[in-house]
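Chain IDs A, B, C, D, E and F follow the sequence of writing; residue 1 opens each chain.
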Amino acid sequence: MNMKRILVVNPICSTEFDEKDRSILSKAAPPGFEVYVVSLEYGPQTIESYYDDMLASPFVVKSILEGEKKGCNAAMINCFMDPGLKAAREVASIPVVGAGESAVMTAILIGDSFGIVDVGPEPISKNTPPPFIRELGLASRFAGIKGTGIPVHALLHDKGKVMSSLKEAANSLLRNGADVIVLGCTGLIGMAKELSEEIGVPVVDPAISALNMVVALVNMDLRQSRRSYMTPPPKIRKLPEGLDLKI
Amino acid sequence: MNMKRILVVNPICSTEFDEKDRSILSKAAPPGFEVYVVSLEYGPQTIESYYDDMLASPFVVKSILEGEKKGCNAAMINCFMDPGLKAAREVASIPVVGAGESAVMTAILIGDSFGIVDVGPEPISKNTPPPFIRELGLASRFAGIKGTGIPVHALLHDKGKVMSSLKEAANSLLRNGADVIVLGCTGLIGMAKELSEEIGVPVVDPAISALNMVVALVNMDLRQSRRSYMTPPPKIRKLPEGLDLKI
Amino acid sequence: MNMKRILVVNPICSTEFDEKDRSILSKAAPPGFEVYVVSLEYGPQTIESYYDDMLASPFVVKSILEGEKKGCNAAMINCFMDPGLKAAREVASIPVVGAGESAVMTAILIGDSFGIVDVGPEPISKNTPPPFIRELGLASRFAGIKGTGIPVHALLHDKGKVMSSLKEAANSLLRNGADVIVLGCTGLIGMAKELSEEIGVPVVDPAISALNMVVALVNMDLRQSRRSYMTPPPKIRKLPEGLDLKI
Amino acid sequence: MNMKRILVVNPICSTEFDEKDRSILSKAAPPGFEVYVVSLEYGPQTIESYYDDMLASPFVVKSILEGEKKGCNAAMINCFMDPGLKAAREVASIPVVGAGESAVMTAILIGDSFGIVDVGPEPISKNTPPPFIRELGLASRFAGIKGTGIPVHALLHDKGKVMSSLKEAANSLLRNGADVIVLGCTGLIGMAKELSEEIGVPVVDPAISALNMVVALVNMDLRQSRRSYMTPPPKIRKLPEGLDLKI
Amino acid sequence: MNMKRILVVNPICSTEFDEKDRSILSKAAPPGFEVYVVSLEYGPQTIESYYDDMLASPFVVKSILEGEKKGCNAAMINCFMDPGLKAAREVASIPVVGAGESAVMTAILIGDSFGIVDVGPEPISKNTPPPFIRELGLASRFAGIKGTGIPVHALLHDKGKVMSSLKEAANSLLRNGADVIVLGCTGLIGMAKELSEEIGVPVVDPAISALNMVVALVNMDLRQSRRSYMTPPPKIRKLPEGLDLKI
Amino acid sequence: MNMKRILVVNPICSTEFDEKDRSILSKAAPPGFEVYVVSLEYGPQTIESYYDDMLASPFVVKSILEGEKKGCNAAMINCFMDPGLKAAREVASIPVVGAGESAVMTAILIGDSFGIVDVGPEPISKNTPPPFIRELGLASRFAGIKGTGIPVHALLHDKGKVMSSLKEAANSLLRNGADVIVLGCTGLIGMAKELSEEIGVPVVDPAISALNMVVALVNMDLRQSRRSYMTPPPKIRKLPEGLDLKI
């Protein structure tokens, strides 16, 4: 069988998560698909702000363009903030999905309302839909976001503490009416099943969602509409070395 | 490889579409999955109204319960109106998706706004979101629905006329700002590619979307949340013979 | 005076509620109107799930078609879930309303935001708008739903316990900002006044709302638009005996 | 029978419409109800702007307070702009409805989307929801407003021209997807039936809607929630003679 | 420099707040602008209800028309309820803003979601968007309103108690997810800075917002669109002495 | 007078627009304010895609950080796409606004619904709200976007053709119900007045809006909430030379 290859872009300069992601996503890849996990030459160590998202984005797009040239059949941006997603969709010919968008889509396929348990430098708790949920147009299905205050870099350590704080956050969202829990960070890969068993509702893993959503697009031979993601016209784009994007 | 089986319920008493659906969906099924297409013992010949939807629904649910007992790993309701979807999700343990919901989800993964080209006994043209789009919470991404007035039973004949009327409807939606076109009837299976080439934007086939979305759920080991779709409590449910649903 | 007759369909196979409904709705019917309460030959004992809703729906529609033939001037579906409402509107020539939709309309005529106190097999508590509220397009006026966990069949017993649990649920919704309370089950008929006195805000009785809304439509000589509820075209509809719907 | 009396406030200083309104609304009043039509001592001749609405409002409230003292059981403000509605609901103990709000409620009880045909000094055409529709929270069911440019004072003359311009406006909204047409001015009282026959969809008369909605509230013994419409606290309110409102 | 003059209408008959407003707004006025604070000949002492809003409105409009004649370059209505705003925009040629609308606009320029801390005769607490927020179309950015129950007339006394109750209300909104706090009454002028320091998030002062927003409009030479705020056509408008509005 | 300085970032590598912007914005700056116009060392020549937006963003943020160090009191990003806005708000201590967001805010202060006339490589026409409008939460006030198909780099030439195509696009939006027209590109600076005179409705210039909005924030001593725009935590951020951002 001619394997189809999904490019998985870890949009960070750290390679710390690559091994785990490669291992889990390889197992999660459906027959006929293989994953190709890369991280960035440049970029932030983790993504926890719009600033990190912005710094990662051009390097994400660069990786996707390179992956496309190397014959990858599709790409997924492996971060809940979907850094570079729209730009990548404009310049790539292969389908591109983000983990955040994919996770939300998956959640509303299996339940009415969803809540997001999040990580990050500071605890947060919001009932109002954040910008990306409003942009998706899904404010009326959003049941809240609850952040544990665990920084992303700490996710690889002390899994017990992470799990117990996720459980607490998830239960708080369930009390608010969430029907499905979405993990708000791809660094939480592999924890959905255990959390789901703890809290008794489905839990969506964003990395695995993105993999499955982009595989679905490949299987359907669909890619982004050029009416939403027009090919950028040629023009002078003056960029420093190291950010030598060419389209 | 142990094949996973997707139950495809054609929610009509006619078997006219089964062969074509079996052939196309079998080819579309990813490696490791096979489809099992059934139509209904009872129900309407085609579904073109809430009335038809209602009459089909209990028999759809019956088919899904039977399919689950026979070992199907998931089920898709092969009609854009998603007859019986919510009830099936309550009583089935396997994941269940509908073609309408799946098609809309697919559309918003690849474009910003979508329009629906529809068939049915009378031509329609609406810019306002119909009830199921409001229920999905996706009114702000809806660019219109345009019905050709071709009855569903006529879809298997005169493909040329069907295609040209779809093209006209789709182009009218593109002028209104649609970025992706969704086929509004699973009887249009297999026509997306040609229509897409004609109009130059992605076209979503609802049957193939549903297949891929439910395969994704199986691959993710996810199913409907019991908080949205509670198991119905046992009680007297007096039903006529022929509608001998048991849960 | 030539009495106008409102068909009240109790969409359940049990006749347990008929007597009480007949008595209360007869008193509530405005001069010139009489109610004609029927329950179903087949269907669930009570409606507490989409599954029950689906099983009741065809028999509701059958009752309405029969009622129309017998000269009823309008019909109300006496359940908060509005089983069969859309299909009935398609096939009936008389106006048809549902208790759920009518109650919500009534609530927003007298207050800004409304909360729903509900019954059913399990307690629930949600701040996010459920599907039917999103479908109505009224998410922005919804202040929450709070379920007491009392099963419908228990409503006819121990009124004191029912009232005290409704009061607790309603007060919780008031703290969340509800201005009007809607009873989420027609089995609670006759309890609105006492609950209203207890909590100090208007409480809407869905059965009595439906009666008054459909009387209003009769008085205005209005019925469902055929552009929303098209007459289903004739076609083969193969149905088991006992579900011998004819349109 | 002890008649219940509905106060109908024509919120204009002109008495021109009173006779016609009295005649039509008296016939439309259900058994047991009588209407008591008043116009204002002060105020604009017709209401075609926020400015007119504002000038009429205090005198509308004054009329309602007087009507309540005289024993009216409910009040309807007979203008599509609902002048003074919220203030009246605060200070009155009887239920108060407006013709605009009532007409929209009626429309969504019988169809999915509604369009408004309007009159006024200048022709208008809008697909975006106007402020009062957004305030109602019903933007997703709004299919457009189309103004004929006929001033309100001209409505009593040349009914033929009015009807033909309404028909043209309504047909334009139907092409946009409206399922029900709402007359956007109570000065069009009595024209719904003919227009409906001309265009083949239900047409809602706002004055008659308001009458029926407020009758429904009286029958249900419901009135505005004090949590939405708090009784204004006593304080100095310095008002000129002629606007001697006392609460 | 030729000073531009902003008319500040305190829409109450009391002059109690004028001095303080004049002093603070004069300091807040940018170079080249001066404020001209007026209160009303007639109207309520404070505005705490739709009734007060309605009584103040015509006198607000009168003041604005007079201010325009005297050469004011713009007007702001100095109350969070924006009494008379739409009517004033119709009849005035100068730009007119309201403090409520301006404060909300300011809030969403500096943060994602906002909560409103309010005063008034009774404590309130709502998570659902009130009518004016729905009318603005900003329901999805609204994080709640919390009322302290302090009457407006008491605001000039015991600043300590006011501040501590505002702080408590604001903190409750922050826990619900508000990113910015809006003071819900212009009587709270001058308290934003201290409250902001107490709670650590930006606090918007509605009076100062309105001043700055209307100054911005003057600087941009923009005023209300006549397509939203059509000039009212001439007609008989019969008004009592004391309410001798002329347009 | 101690002048306050507004940093104006032209987010492109071309300096072509700087002179014109400096001249017009200097005149538009209120007394006490001066503008400091910079363009980027790196970035695209013009911004017409998400890709361009992404490439510009880090250099925009860099400019803003430098401007802040040099004592600028606030910054505006002079492009309708608001490149780098959210990231800049996180890392800057001074208030930052974007031209797109500011223009929309200005539009809804002066009218009910707005339409956007746009430029760019291809003509577009959409009635559905684009992502940034949904993100703002303002879908219900959006009346359409109409693109002329004139590339940005051509805007400095043949003003007559630009004006006539803008006029045509604007009139089409007015027919759809727009009350205010927003120029969808800061390259159109200085054309609002003439277009407004041509079409008879207010036209919002995004560059001048952004200037006035950010001046308003400075005058109010307000800046972005840290709850929406958290300071990014320190971490390794590996960046190429030329993109040597330091926070």
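The rule is short, and it goes like this: contacts are C-beta pairs under 8 Å (C-beta built on N, C-alpha and C of every residue); 3 or more make two chains touch, one makes a residue touch a chain.
What you see is a predicted model; the values in this text were computed from it and never measured.
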Provide the labels of all chains in contact with chain A and in contact with chain D.
B, C, E, F
At the interface of chain B with chain F, does the proportion of residue numbers present on both copies reach over half, so same, or stay under half, so different?
different
Which pair in A-F, C-D or C-E has the same interface as A-C, with over half of the contact pairs matching by residue number?
C-E
Please tell me whether A-E or A-F has the greater number of C-beta pairs in contact.
A-F
What rotation angle takes the CA atoms of chain C onto those of chain D? Round to the nearest 5 degrees.
180
Using mean CA coordinates as chain centres, what's the chain D-chain F distance in Å?
43
Chain centre separation (chain B, chain E; CA means) in Å:
51
Please compute the C-alpha centroid of chain B, do the same for chain C, then give the distance between them in whole Å.
29
Interface hub residues of chain B, defined as touching at least two other chains
112-113, 127, 131, 134, 136-137, 139-141, 178, 229
Pairwise touch network: line, ring, star, complete, or other:
other
Can you work out from the touch definition every pair of chains that touches here?
A-B, A-C, A-E, A-F, B-C, B-D, B-F, C-D, C-E, D-E, D-F, E-F
So, in the complex, the side of chain A touching chain B is made of residues 1, 28, 30-32, 95, 97, 101-102, 105-106, 108-113, 136-141, 174, 178-180, 193, 200-202, 204-205, 208-209, 212-213, 215-217, 219-229
So in the complex, the part of chain F that touches chain A is made up of which residues?
13-14, 41-46, 48-55, 57-58, 61, 84, 86-87, 89-91, 121-122, 131-132, 134-137, 139, 151, 153, 229-230, 232-233, 235-243, 245, 247
Using the touch rule from the top, collect the residues of chain D that touch chain F in their complex.
124-131, 134, 139
What residues of chain A sit close enough to touch chain C in their complex?
112-113, 127, 140-143, 175-178
